[in-house]
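Below you'll find a set of structures to go through.
Note that chain A is present in both complexes that follow, paired respectively with chain B and with chain C.
Entry: the complex of A and B
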């Protein structure tokens, strides 16, 4: 089936580029691989008919957050030589702790595997096609999930006010000095 | 999904690609002629009658120049930088509705590659990743002027994206849809969005000048301060791709302005026609609007001097964003009032 073939290829590419984020020794290239990973994740969302989420993922992560990452990395001018060299002991310790973390994650997620395909297929095609549309998402956000939605928007507002306040205080200090 | 549909879309994509590149190539000629006209000169007139073969001569020159890669540059990123710039400039045209459906060989064809139901957000997505080409290219050159250009480009684009997004929300509110086809169809005949949202258009226009790095917002390549900005180290067709992507982006953003505010392919008196003739006239009307906007953007370049960087940030954050937010709130209130919410 084409759908499954595409999702397997996409999944492989996602994991490959995600691995390259960690394996690449060059910070700027790591960021680029991370951006590519976000694009592949958006591809998965498009396959699940959630175009809105896919595009928002690209705008927010690839378009805004990663640009800021890249911005900071460019100013720091990190490169291969300036990356801290770790001793073998700490590398082994990192591998062991990472492996244990992976084990815990697998154990926790094995119970909550996504519902298999037949369940999704039981819905009518029109239902599936309309599932991820903006209209439905907006109606859900403003009815069923109104409280978490509003709380998170207040959180963002607080973060914005906080950052403005921090920037302002710094300016006053320099003026006093 | 039949084979005919795939062939149809493939042909449409190839035609759009050629049109985008062709118009971008002739925009360079047109820009030089226009600059000459504004400054009371003759402009290019050696290649062919009236110099109309000048873009081809420029292209051949670009290809024949030495392709130089600086010693300490990041080779791989240095190569893909111009590629990303060109790619992001080209992919927006996939969702632009170029005209109403046409009937050809007994099939009804849409003059749009895909009617994406979140088209407006797709534009934001492309705009927001558009900065990578310049950033990567500028950083990989390993030159301080290029890096300055890249940093200026990214901070400028991030700043103007916000005001651009907020100004577009008013159009989405009025049309009740994120699909570009719906937005165009809502503006039937002469019922264009510009009559309702002039402030929103002004903000969008200024922001799209900034996003395409056109004067007076061309600080990333400001030649009097940064030599050539982000493309200082580039030569040959890599430089050509950077310069070319600016013209493609200009063409696409003119198309977007025509769609969002000036009715897209709608024109007054369009109800008198039907069928393929209507489609043809619509496409002609759409391209007339696009060329008008390309002309205005060039006209601005040869009229207004470049901003200083603090003026640029001041305009973006302290002028355009508040204007856009107030405009959005008023639009929302009026729409709520019209729907009887009070």
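Entry: the complex of A and C
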């Protein structure tokens, strides 16, 4: 009952802060609300025995990616006047189409039948509780998923090289500016 | 010893089945109603994270660690995507002096 209550409250807070991300006019406020949303999502993950992922979410998303967004926003030095505006008609159209999308999704999912809980078959309760801890996930990551892990390191190298190349100032631009 | 209730995902599976589409739709609507490129990229992150949450809830429901590994790789790809996207935005801003996504119409001719 307590967990139910906590997850409902966290869910409401998550939806509220996610709405504030898209509704607040100032980009910096959007970033801060997105950080708060990620913290709430990490709270959900802790509730669902995914402790390692909750920490990774906070470190990578709220810590690294959002700081990157903040850096870029400060580098660009935007103010309220430079915020591009959208016409009311297209905003209403976007909200209506999004609402219809949500309606279809929820209607489809509410009819879905989930199988009964299969997890009690072979595992003890302690096993299930330790599922999301770093020990189990590390064993899985370095045995069954070792190839994707190595491929992701190549992906990171490519992303690093690509972003450095893209963000590098070109020769003719330096003369103009 | 943790409380026994936390082992039973029964209470949460329908709840997360509704919460995650709502979060995803909020991200999709934000992608459509904002024209600031950085905010659009943030909405993409929000959508990715809602999918992560649904994967974690299903992984908890089925008691498999594989879903956690999948979420881990999604986070990895999202980090790479955010760096490349932000550097593209920086380059576009340097050349066009705007982060309005409509400025990419100039690529047309």
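The rule is simple: the second predicted complex is superposed on the first by the 128 of 177 C-alpha atoms of A that agree within 3 Å, B and C clash if a C-alpha of one lies under 4 Å from a C-alpha of the other, contacts with A are read in each partner's own complex, and residues count from 1 in each chain.
Assume a residue touches a chain if its C-beta (ideal position, glycine included) is under 8 Å from a C-beta of that chain, and two chains touch if they have at least 3 such contacts.
Please read all numbers here as calculations on a predicted model, not as lab measurements.
Chemist: By residue count, which of the two partners contacts chain A more extensively, chain B or chain C?
Modeler: C
Chemist: Which partner chains sit in contact with A:141 here, chain B, chain C, both or neither? Use first/second/both/neither.
Modeler: It touches chain C, and chain B stays clear.
Chemist: Can A:4 be said to touch chain B (first), chain C (second), both, or neither?
Modeler: second
Chemist: Please indicate which partner A:29 is in contact with in the superposed arrangement: first for chain B, second for chain C, both, or neither.
Modeler: In the superposition, A:29 touches chain B alone.
Chemist: Touching chain B in one complex and chain C in the other: list those residues of chain A.
Modeler: Overlap of chain B and chain C footprints on chain A: residues 52, 56, 64, 68, 75.
Chemist: Any idea which chain A residues touch chain B in the complex?
Modeler: The touching residues are 26, 28-29, 32, 35, 51-52, 55-56, 58-59, 62-64, 67-68, 70-71, 74-75, 133-134.
Chemist: Where on chain B does chain A make contact in their complex?
Modeler: For chain B paired with chain A, touching residues are 74, 76-77, 116-118, 121-122, 124-125, 127-129, 131-132, 135-136, 139, 147, 150-151, 154-155, 158, 161, 178.
Chemist: Could you pull out which chain C residues touch chain A in their complex?
Modeler: Residues 2, 4-19, 21-30, 32-36, 38-39, 41-43, 45-46, 49-50, 52-53, 56-57, 59-66, 68-69, 71-73, 75-84, 86-91, 93-95, 98-102.
Chemist: Residue numbers of chain A touching chain C in their complex, please.
Modeler: Of all residues in chain A, those touching chain C are 1-4, 7-8, 11, 14-15, 18-19, 21-22, 27, 30-31, 34, 37-38, 41, 44-45, 47-50, 52-53, 56-57, 60-61, 64-65, 68-69, 72-73, 75-76, 78, 82-86, 90-91, 94-95, 97-99, 101-102, 105-106, 109-110, 112, 114, 117-119, 123, 125, 127-129, 131-132, 136-137, 140-141, 144-145, 148, 152, 155-156, 158-160, 162-164, 166-167, 169, 173.
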